[in-house]
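Both complexes below contain subunit A, partnered by subunit B and then by subunit C.
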Partner chain A sequence: MSSPWIAEISAVFRKEVKSELRNKSATYASFMLNAVTVFTLAFAFFGRKLTSEAATGMLWAALLFAGVGTLTRVFVSEEEQGTADLLRLWSRPHAVYWGKALFAFVLMTATALVVALLFFLLTGIQIAVWQLLCMTLVGASAALAGTVTLVSALIARGKNRGTLAGVVALPLLVPLVALGVSAVRVAVEGGTNSLAPGWSSCGGVWLYTLLVLATAPYQFAVIWGEQ
Partner chain B sequence: MKWVAFLAMAALTVAAFLVPPAKGFPEPDLARIIFFHLPCAFSTVIFVLFAAYCSWRYLATRQMVWDFRAAAASEISCGVGVATMLTGILFSKVQWGDWWSWDPRQTSFLIVLFLLGAYFGIRMHFEDDILRARVAAAYSTLMLLPILFLFFVFPRLPQVLKVSLHPSTTVQTGAFTNDYKAVLVSIFVVLLAMCIWIYKMHVRTSQLEQLLKDRHGNLENYSDGTTAHRVDRNVPVH
Partner chain C sequence: MIRCERLGKRYGRRWLFRDLNLYVGEGDCLLVTGNNGSGKSTLLKVLAGLIPASEGTCERGSEPRLSLGYAALDQPVYPVLTVAEHLQLAAELRGCPPRTEELLDEVGLGYAADVAGAHLSTGMRARLKFALAVQAEPQTVLLDEPSAGLDEKGRDIVDGLIERRSERTAFVIATNDPKERKYATHELPLDS
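Our next item is the complex of A and B:
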C-alpha cells in the first residue's frame, strides 16, 4: 500500500481517537453497559455451577451485544454531527473505511478482552488454553469491527437506527458466533478433549475475518461515495 | 399458463399420496411432506442467490429494475423459506418427536430467514428510493457470505454432520424409488414455475408503481393529463 493511502488511513484513525478522547460520554456509556451486562449474566448463575457450554454461549452473547452497541455509532455519529460530507470530500472511501475499521478493531479488542476477563472473574471459570482464547477474541474482534463498521455506514441515514443496527448486524454475525463458541469452549475445557477442533474453529474465525475485510471496503465504497 | 401450473400442482399433490412411501423413516407415510419441503428449500436457495446477483447488478448498473428484481426475488425466497420452515417443523415433530430439535440445518435455515428479515427491515427504514435501493443492494451482497456459509459449509462440517438429525444419509442411500424421485422433481419444477410467475408479476407491479410515482412527481413532463402551467398573478406588496 502506497504512503498516501497510509497517511489517509492513519489520519482517519487519529481523527476517530481524538473525537473519542474529546467526547468520553459514549465510551463511558459503552463501558457501563458492557459491565452491567456481564454482571447480570454472571449474577443469574450466582451460587450455581456454570457448564463450559453455557458459559461460552453467555460470553458470546455479551460480546455480540457489546460489539453492536459500541461500534454502530462509528458512522451514525458522523451523520448526526453533520461531518460526513466533510469526510467524503476530504478522503477516499477505502481510506475512510480502513481508518474507521482500524479504530473499531482497537476499540472492540479492548472491549472483548475486558468483557472476557470480567466474565471469567465473576463466574470463576478457569481458562485452560489462554492462547486459543486470545487468538479467537482478537480474530472475532476484527470480524466484528469490519462487519459493524459497514453496517453502521449502511444504516447511518435510515430511520430508527438504534433498533435497525441490531436487526441488521446480529444475523450477519451468527456464523462468527458459531465458530467462536466452538473455539472458546475448547479454550475453557482444555485437556479433557483434543485441542484440534478448537484451533480449527479459531482458523474459521480468522478466515471469516479475512473474507469480511476483503469484500467490505468495496461494498462500503459503493454506498459511501454517492450519498 | 398459470392454470396449467395450478392444475399440475393439484395433480402432483394427489400423486404424492399415491406413490409408495419411502423407506428409512420412523413414520414413512408422514414423510411425504418431503415432497413439498425439499422443493421449497431448493427454491429458497435459488431465489436468495438470484437476489444477490440482482443486487450486484444494481450496484454495477444503477438501473432501478435490478432493485425491483432483487426485492421480488427476496420476497419469493422469504415466502418459500417460511414454507420450508413450517414443513420442516411438522416433519421434525412427526419424525424426531419435537417441534424444534435444534438440528443444525433447521437452525441455519432460521438464521437465513433472519437475514432476509433484516433485508426487509432495511428496505422499510429508508424513504428515499435511490438510497433504499443502494443500501438494500449492499446489504444483500453482504449477506451472501453468511448465507453461503449457512447453506453449503455449516451443514457439511464433520462435527455438525455427527449431530445432525436430517435424513441426508437416508436420502443418499436409495430410500427414494424412481417414482418417488419423479414426483419430487416434478413438484420442484412446477413450484419453480409458479415462483417465477409471481416474481415476474411482482417486478412488473414495481415498475408500474415507479412509473406512477414519476408521473406524479413530474407534472410538467406529463403530457397526457393536466399540466402544471406557469401562473402569473399580481401580488399586493405593503
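Our next item is the complex of A and C:
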C-alpha cells in the first residue's frame, strides 16, 4: 500500500482516537456496560463450578454483546453528528473503511482482553493455553472490527439502529463464533486431549478474518457511495 | 468542471428536477435559484456526489476530493475538532497542503484556530466551511446559501473569496439572495 493511502488511513484513525478521547462519555458508558455484563455472568455462577463449555459460551456471548454494542458507534455517531458527508467529500471510501476498521480493531482488542481477563478472574477458571486464547481473541477482534464496521455503515441511516445492528451482524458472525468457541474451549481445557483441534479452530478464525478484510472494503465502497 | 446529462432527482413520485443538462467550466458562475423546497440544495448535493441522482449522469473529474469544493449552510462540522484540526484533517485526506494560516486569514478566522467546532457560531462555522471548500484550490466550488447567517463582514469575505477565484474556478451557487446575482454568468431557476 502506497504512502498516500497510509497517510489517509492514519488521518481517519487519528481523527477517531481524538474524537473518542475528547468525548469520554461514550467510552465510559461502553466500559460500564461491558463490566456489568461480566459481573452479572460471574455472580450468576458464584461459588459453583463452571464447565469449560458453559464458560466459553458465556464469554463469547459477552464478547459479542460488547463488540456489536461498542463498534456500531463508528459510523452511527458520524451520521448522528451529520459529519459523514465531510468524509465523503474529502476521502476515498477504502481509506475511510480501513481507518475506521483499524480504530474498531484497537478498541475491540482492548475490550476483548479486559472482558476475558475480568471473566476468568471472577469465575476462577484457569486457562491452560494462554497463547491459544490470546491468538484467538486478537483474530476474533479483527474479524469483529471488520464485520461490525461494515454493518455500522449499512445501518447508520436506518431507524432502530441498535436492534438493526444485532439483526444484521449476528448472522454474519455465526461462523466466527463457532470457530472461536471451539478454540477458546481447548485453550481452557488444555492438554487432556490434543491441542490440534484448538489451533485449527484458531486458524479458522484468522482465515475468516482474512476473508472479511479482503471483501469488506469493496462492499463498503458500494454502501458508502450509494447513501 | 461539471457536466451533467439528463439529470433527475425525485423523492417518491415527486420530481424535484428532471432532464437537466448542464456544463459549468472555468470562469463560469451558475446561480441556482428557486423557492424553498424547489430542490436547489438537493441539486448541489447531487452535483457534489453526496446523494445519488434518480436518473442521468454527472461527471465531476477523476479526483472529486481535489477538484470539487462544497460548502452548505446545513453542513455540520466535527464538534470536538478545532478549526485548525479540521483543515489539517481535510488536507491529509485530500493529499494537499493544509495552508492553515493562509486560509484562516482569508476567511477572517485566524483568531479562532484553536476553537472547537462545537463552540463556533453559525457565521464562524460558515467561514470554516468556505476555507475547507477552497483548500485544494478546486476547479469547481459549490456553495449552498453562502451568505445566509453571515454579517456584513462575512459577506465581504464571501465576495472576496469568489472574486479572487472567479477567472480560474467554476462556481455553482444556490441562493435566494438577490445580492448574489452579481456573481452570476448563468442562472438556473428551479420551479417547485
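Quick note on the criterion: the second predicted complex is superposed on the first by the 226 of 227 C-alpha atoms of A that agree within 3 Å, B and C clash if a C-alpha of one lies under 4 Å from a C-alpha of the other, contacts with A are read in each partner's own complex, and residues count from 1 in each chain.
We adopt the following convention: a contact is a pair of C-beta atoms (placed from the backbone, for glycine too) under 8 Å apart; a residue touches a chain by one contact, two chains touch by 3 or more.
These figures come from a predicted structure and were not determined experimentally.
Trainee: Between subunit B and subunit C, whom does A:Leu59 touch in the aligned arrangement: first, second, both, or neither?
Mentor: Neither partner.
Trainee: Going by the contact rule set out at the top, does A:Pro171 touch subunit B (first), subunit C (second), both, or neither?
Mentor: The first partner, subunit B, only.
Trainee: Report for A:Ala42: first if it touches subunit B alone, second if subunit C alone, otherwise both or neither.
Mentor: Neither partner.
Trainee: Touching A:Val12, do we find subunit B (first), subunit C (second), both, or neither?
Mentor: After superposition on chain A, A:Val12 lies in contact with subunit C alone.
Trainee: Return first, second, both or neither, reflecting whether A:Leu86 touches subunit B, subunit C, both chains, or no partner chain.
Mentor: second
Trainee: Give one of first, second, both or neither to describe whether A:Val129 is in contact with subunit B, with subunit C, with both, or with none.
Mentor: Touch partners of A:Val129: none, neither subunit B nor subunit C.
Trainee: Quick check on the superposed pair: does A:Ala95 touch subunit B, subunit C, both, or neither? Answer first, second, both or neither.
Mentor: The answer is second: A:Ala95 touches subunit C but not subunit B.
Trainee: Between subunit B and subunit C, whom does A:Leu137 touch in the aligned arrangement: first, second, both, or neither?
Mentor: Neither partner.
Trainee: Which partner chains sit in contact with A:Met108 here, subunit B, subunit C, both or neither? Use first/second/both/neither.
Mentor: neither
Trainee: Using the superposition described at the top, list the residues of subunit A that contact subunit B and also contact subunit C.
Mentor: Shared contact residues on subunit A (touching subunit B in one complex, subunit C in the other): 226-227.
Trainee: List the residues on subunit A that touch subunit B in their complex, please.
Mentor: Per the touch definition, subunit A meets subunit B at residues 150, 154-155, 157-160, 164, 167-168, 170-172, 174-175, 178, 182, 197, 208, 211-212, 215-216, 219, 222-223, 226-227.
Trainee: Residue numbers of subunit C touching subunit A in their complex, please.
Mentor: So the residues of subunit C touching subunit A come out as 48-52, 64-65, 68, 70, 74-81, 85, 89-90, 92-95, 132.
Trainee: Using the touch definition up top, name the residues of subunit B that touch subunit A in the complex.
Mentor: Against subunit A, the touching part of subunit B is residues 59, 111, 114-115, 117-118, 121-122, 125-127, 131, 134-135, 137-139, 141-143, 145-146, 149-150, 154, 159.
Trainee: Spell out the residues on subunit A that touch subunit C in their complex, using ranges where they run on.
Mentor: 4, 7-8, 10-12, 15, 18-19, 22-23, 81-83, 85-92, 95, 225-227
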